[in-house]
Amino acid sequence: MKIGFFGRLRDSLGDEREIAAEVGETVAHFRIRLAALYPQAAHDLLSLRVRACVVDRIVGEDFLLGGHERIEFLPPLSGG
Amino acid sequence: MKIGFFGRLRDSLGDEREIAAEVGETVAHFRIRLAALYPQAAHDLLSLRVRACVVDRIVGEDFLLGGHERIEFLPPLSGG
Amino acid sequence: MSVRLADERFAADRELAEFTAGLTGEGAVVSFLGIARPRASSGEKVERLVLDHHPRLTLGSLNEIAAAARGRFGISSLRIVHRRGAVSPGETIVFVAAAAEHRRAAFEAADYMMDRLKTDAMFWKREDTPGGSRWIEPGEEDYSARERWNETPCRE
Amino acid sequence: MSVRLADERFAADRELAEFTAGLTGEGAVVSFLGIARPRASSGEKVERLVLDHHPRLTLGSLNEIAAAARGRFGISSLRIVHRRGAVSPGETIVFVAAAAEHRRAAFEAADYMMDRLKTDAMFWKREDTPGGSRWIEPGEEDYSARERWNETPCRE
């Protein structure tokens, strides 16, 4: 599964990484695995202020990743 | 004494008229004389929403006109 | 602080460009344009507006409103341009701009200046329609807008 | 309703001119310009801002904000132009304009759009200073400004 990063996560982890989701894996579980792999971004990856997005929709922590090709992590917004 | 008119008073009475103030005459008294002379504008001349102005200052109804060369009548404002 | 009366049509976009060119690091600019409407509130076609003014007090009233806005809000720069004389529908009657470090002050200052201009700027506005002319007075909503800023209201 | 992302510097005065040229009898136009400040809130010199964006959701968020402003206020026309990518100090980051029959709706719509853009537009803003880079988040005052419009707030 592709993982897309924005804002400060893009700075620390790059535009995109690729890691397969486990069978029956939720967003919450995936965050924990990612945080272990990328300790430099663990704080953000585990923060619920950093939202998870699949197929252009914000998804909850119990969302099942099976069958999806891409997840994105969106830090807090700052426009205007 | 010159009398200057603005807004709708200018339309009905022209830019300026000239009428001598009486000795000891107040703005209130002067309004009554003007209203009698110009019945077409009497309503405005007697309305306290039409303010009197002498030497670029709004003056009250008991203001004494003696020694002044000009009075102006200012209808309600509408800018912007 | 730039305040002036305009006898002729003026370009609001150029006013905005000049205004922003004079800024020194402010982050927020709010501008307002009041445009002469082609229809009166009655629905009648307006052929032109005529803004009567006083030779000294009109500019004085604009300067007073500008100074009050500057004193009251954290704005570093402002501009008021107001037409006088005849104005055709579609032309800008008034341009107001306020610049500040942050957006709240700029919004409030522009809003304040417009509310004050509607009731306290020394103009007399006439609408000329095919059916005749009508002198405009501020509406009840203009007076209550003015009173939002709760100083002593100027209404008698 | 015109909403777009700009990759390059754009002229806010031209946006205002185009916007007003498209009007059809509205009496009031309010515009807002957000300009990149030369100093961070810490006082440090800002060399540039970088606005990261999402390839689809960013424009979607601007369109949603514009539609909400249109639905909520009596405005007949609006425009949002928002930079993305690198922005130098002094350049316009965002231009917003709203036109309405009367000024209150135009002021409120512009104010509303800016409050929503600060918290709900899908951008990530970084300040690059000589001492390093810092990602910006909306401040407490941005969240409370957003909540003035008391819909369900988007803050988790």
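Note that the chains take the letters A, B, C and D in the order they are written out, and that residue 1 is the start of every chain.
We take it that a contact is a pair of C-beta atoms (placed from the backbone, for glycine too) under 8 Å apart; a residue touches a chain by one contact, two chains touch by 3 or more.
What you see is a predicted model; the values in this text were computed from it and never measured.
Looking at subunit B and subunit C, not one chain touches each of them. Averaging C-alpha coordinates per chain places the centre of subunit B 51 Å away from that of subunit D.
In whole angstrom, the spacing between the mean C-alpha positions of subunit A and subunit D is 27.
Look at where the CA atoms of subunit A average out and do the same for subunit B: the two points lie 76 Å apart. Within subunit B, contacts with two or more other chains are made by no residue at all.
Shared interface positions of subunit D, defined as residues touching 2 or more other chains, are 34, 114. Listed by chain label, the pairs that touch are A-D, B-C, C-D. Here subunit B touches subunit C in the complex through residues 6-8, 10-11, 48-49, 51, 53, 56, 72, 74-80, going by the rule given at the top.
Those residues of subunit C whose C-beta lies close enough to touch subunit D in the complex are 11-14, 16-17, 20, 23, 25-39, 89, 101, 103-104, 106-107, 110-111, 114, 141, 145. Residues of subunit D that touch subunit A in their complex: 34, 51-52, 54, 56-57, 60-61, 82, 93-94, 114, 117-126, 133, 135-138, 156.
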